[in-house]
Amino acid sequence: MTTDTAVRDFHPRAHAALNNPQIRANFRKAMDGLMSKRQQAFEGWALDTLREQGAKARLRALAKLPELLEQLETQLTANGIQVHWAESPDEACRIIREICEARGAKSVIKGKSMVSEEMHLNAYLEAHGIEALESDLGEYIVQMAEETPSHIIMPAIHKNTGEISELMHHKTGTQRSQDVEYLTASARQQLREKFMRADVGLSGVNFAVAETGTLCLVENEGNGRMTTTVPPCHIAVTGIEKVVEKLEDITPLLALLPRSATGQHITTYVNMISGPRQPEERDGPEAVHLVLLDNGRSDIYQDDELLDTLRCIRCGACMNHCPVYTRVGGHTYGTTYPGPIGKILMPHLIGLDEGRHLPSASSLCGACGEVCPVKIPIPKLLVRLRREAVDGDQLHPSQMSGHGVKRQRFEVMIWQSWAWLNQHPRLYRLATRITTRLRKLQPHRLGAWTRYRTAPRLAPKTLHEQMSERQRGKPLAEVKR
Amino acid sequence: MKTETAQTPVKIYPPKPDKVYFYGTCLIDLFYPDAGMAGIQLLEREGIEVIFPEGQTCCGQPAYSSGYHDQARSVAASQLNLFPEAWPIVVPSGSCGGMMRQHYPDLFADTPQSSQANAIAARTWELTDFLLHVCHIQLKDLGEPTTVAMHTSCSARREMGVAEVGPQLLSQLANVTLVEQARAAECCGFGGTFAIRHPEISAAMVSDKADSLVDTGATRFVTTDCGCLMNIHGHAEQSHKPIQGEHILSFLWQRTGEAHS
Amino acid sequence: MTARQRILQKLRERRGGPLKAPAADLAIVSERDWQPEEKLALFTQMIESVQGEVHRVDRTHWCDELASLLAQRHIQQLLIPRQHTVGQQIRDAADQAYSAWPRLRHYDQTIEQWQPELFHEVDAAITSTRGAIAETGSLILWPTQDEPRLASLVPPLHIAVLEADQVYATFHEAITTQQWANGMPTNALLISGPSKTADIEQTLAYGVHGPKALLVLILESSAPDASYKDNIQ
């Protein structure tokens, strides 16, 4: 269901998550595992060079984006795949509904697609009398629970086996079990029947190759292949940024994506689709469609700095390494894309006013930027968004929709006073000197800080004072504690 | 025109100079002057004359990270003229060092001070890094046997690239056993205004961090940055966790100080 | 204006001005210095690490090996290609065999005509491959009329036949050597192990949607045998 509208409730959700030991434990365990697997998967690689080439492959595509989109359309059309363009999620939803209605389709089975989450497609289709069923095991679980994914790669990572077993028992009658094999086999059986009867298969796209007109999907389960092969019609949806120029360009990205995401050298399946079933072929969909969605991406594209956001290949490594995400989990963000990438991407999709809490919910520790396979400088972009949120730079006027939403007179005044003091060294020295003299009066409570910590103690003499005494020949201040 | 993806900067260490500028940072000035003084004395013991510009206040980082770039720029601009000679600028903090080295070029891009800011960025060094790789310091441990844990700040680790430096310096101390915490690279939850804007999340992070440090069995930790120090130490103190922190420079000076000074 | 025109126009009139495309240098994903035996060993190691099962067999009696593997698994119905040598040799072997072979099935109809049988009755399928990738332990498949897409996906057991000298070092080497960019098939696949998931509490489970098991038969020659290879190309 739509959650993007509730983004503003970040704090209460964070509070709830932090105080839920189950959530805390589930995420901690999962993120620890993913981090160590990623590290092992890149052993022996010149990782910086590989990331550099990944970043360049993406930038190469972005540099020629309009031309490549046209080339992609030409090639796909020549291959028999129909291409549709949508500026907004609503438009993309409408296009998909019309394709379904034209075929008389009543049921859609879905492979994993974050863009379809962005569109809230399931709710839309259901409202129009078309069943939309998720087939990725994690998405299937999340859909059963009437939730949204809490991670872009592992949607049900917030749940443990017991919770999933209970859910499957209630919704599908599966016997309660702690045996993951059993639960998985049960889901296989249920979903196979659905695959056989579905009218349309809907998937995302990992890379769209302009040169050959090829849609590449990476996955482990095989539900992506089922979705794109069994139903008579396949609809793929993707953001306009997912195009790459040449087939060769996917090689560094394919080396980076699964290793960064789950620590695998490659996913079980790399599924490259370049056309519908040909007359002599015996399976595959008779019709294939691609829906290209903009939804704010062309806005991001305008700006040299923000542009880097569009390099993202949706691996989720930034979440796996984020100390904030690990603590609060994916649902706290209230956005389709959670974690660090969500913090820099969502404000463009829903407006900075709606996503006002996102850029500040980071300690700027830099772990996300360090692991990003395409070198998106996420911390730098977070600072950029903070700047936009307070209209903090007259030299570089804000560009984003909803900018200035967090600019408050009182806060501006504080920073102005801070700046004024720090630009007047004599006053600064006097003020700090007086402050240290009043250290006995230092309050023990300093708002949010001292709720969880003692207050730092002012020194008897500032370093400035000690150094100036030293220059005047006074004996050195006592160094030892 | 944008043409390239960001490159990971390469560090080229200068030869050991006669003089350095010491940029003390505001947290050290007010709360931890001992650490600053220890750093100065360690440098002087290496035969380096330490110049302490009197006009120094703050690097501008708090405002910068909060998005108030006009205010950050005006404060930073007032600091640019403090370093007229080409001597290295050493900073006893990864965070403030990172601000000057990594962010000044962006902050002053397209301004008349751009080249001055770039030059300053290029000669800014985190102090422990400078001691190890420029001074080639050799530490002689005079203290009793002890065990410490180390927390390298995220900015020291990722912006200044000095994750290995602290452990290497500590390994020179014969009577000091360094124990490694679990998830050493994970943030302690300080993050400047983050700790105020998102106090609960910050608290969860610092609590985990203090627990990891306690779990090492050490009763003392050292760190490169005063932000992490007041966060972790303050949390441990408030919640009675058996670990105390200090700045790595204070610790190094304490262990090696008396005999040489 | 259409959505297409508006999007393209907005991208073309980019506020930041035109972007320069950086050149590619793909040495990091292409330059490997591995001998054939090393590639085979690496391929085997990698695919086994994800639950693939590898058997290196002599081409002169590979069908005997296959027969015993099928018998061990109590396979009742085996889907084989009609045209491809792999299928021909299996049929020949089954004809001459004294022991029992599974019922051999062919994908002669469109999926619509026999979907329930394929989904519920066929318990194994064997396909040829267009080679493999050592670095990641991946099989390359280009499904055809003779070996359609679902053969390697729907039956619980997939058996892939790989020529020992068709192992490429990297994906990059495979696509450049085989000149994929000059003409892609409707569907091209890399398959690295049986279907799997870790969506329930990070616990690996196989066979979630596709095959539960993947066998790779690597055909080797003790003496060169030209006839089979001519056929495969």
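To keep things simple, chains are lettered A, B and C as they appear, and every chain counts its residues starting from 1.
To be clear about the criterion, a contact is a pair of C-beta atoms (placed from the backbone, for glycine too) under 8 Å apart; a residue touches a chain by one contact, two chains touch by 3 or more.
Model, not experiment: these values are computed from the prediction.
Novice: Which chain wins if you rank chains by how close their C-alpha centre is to the centre of all protein C-alpha atoms?
Specialist: A
Novice: Which chain lies the greatest distance away from chain B when centres are computed from Cα atoms alone?
Specialist: Chain centre farthest from chain B's centre: C.
Novice: Measuring centre to centre with CA averages, how many angstrom lie between chain A and chain C?
Specialist: 32
Novice: Please compute the C-alpha centroid of chain B, do the same for chain C, then give the distance between them in whole Å.
Specialist: Centres of chain B and chain C (C-alpha means) sit 53 Å apart.
Novice: Touching at least two other chains at once: which residues of chain A meet that condition?
Specialist: Residue numbers touching two or more other chains: 56, 59, 304, 307.
Novice: Show the residues in chain B shared as contacts by 2 or more other chains, in ascending order.
Specialist: Within chain B, the residues that touch at least two other chains are 2, 4-5.
Novice: Touching at least two other chains at once: which residues of chain C meet that condition?
Specialist: Residues 16, 18-20, 22 of chain C each touch two or more of the other chains.
Novice: Which chain C residues qualify as touching chain A in the complex?
Specialist: For this pair, the touching residues of chain C are 2-4, 6-8, 10-12, 14-16, 18-26, 28-30, 46, 50, 107-111, 115-116, 119, 135-138, 143-145, 148-150, 153, 170-172, 175-176, 180-181, 184-203, 205, 207-211.
Novice: For the complex, which residues does chain A have touching chain C?
Specialist: The contact residues of chain A facing chain C are 26, 29-30, 33-34, 45-46, 49-50, 53, 56-57, 59-60, 62-66, 69-70, 79, 85-87, 91, 135-138, 141, 154-157, 159-161, 164, 180-181, 183-185, 187-188, 191-192, 196, 211-214, 220-223, 225-226, 229-230, 240, 245-249, 251-252, 254-255, 262, 264-278, 280-284, 292, 294, 298, 301-304, 307.
Novice: Considering only the defined contacts, which chain A positions touch chain B in the complex?
Specialist: 11, 14-15, 18, 24, 32, 48, 52, 55-56, 59, 304, 307-308, 311, 323-324, 327-328, 359-367, 369-370, 374-375, 377, 380, 383, 385-390, 392-396, 406, 412, 415-416, 418-419, 421-423, 425, 428-429, 432, 435-436, 447-459, 461-464, 466-468, 476-477, 479-481
Novice: Taking the complex as given, what residues does chain B use to touch chain A?
Specialist: Residues 2, 4-8, 24, 26, 28-34, 36-38, 40-41, 52, 54-58, 60, 62-75, 78, 106, 110-111, 154-155, 157-159, 183, 185-187, 189-207, 230-231, 234-235, 237-239, 246, 250, 253-254, 257.
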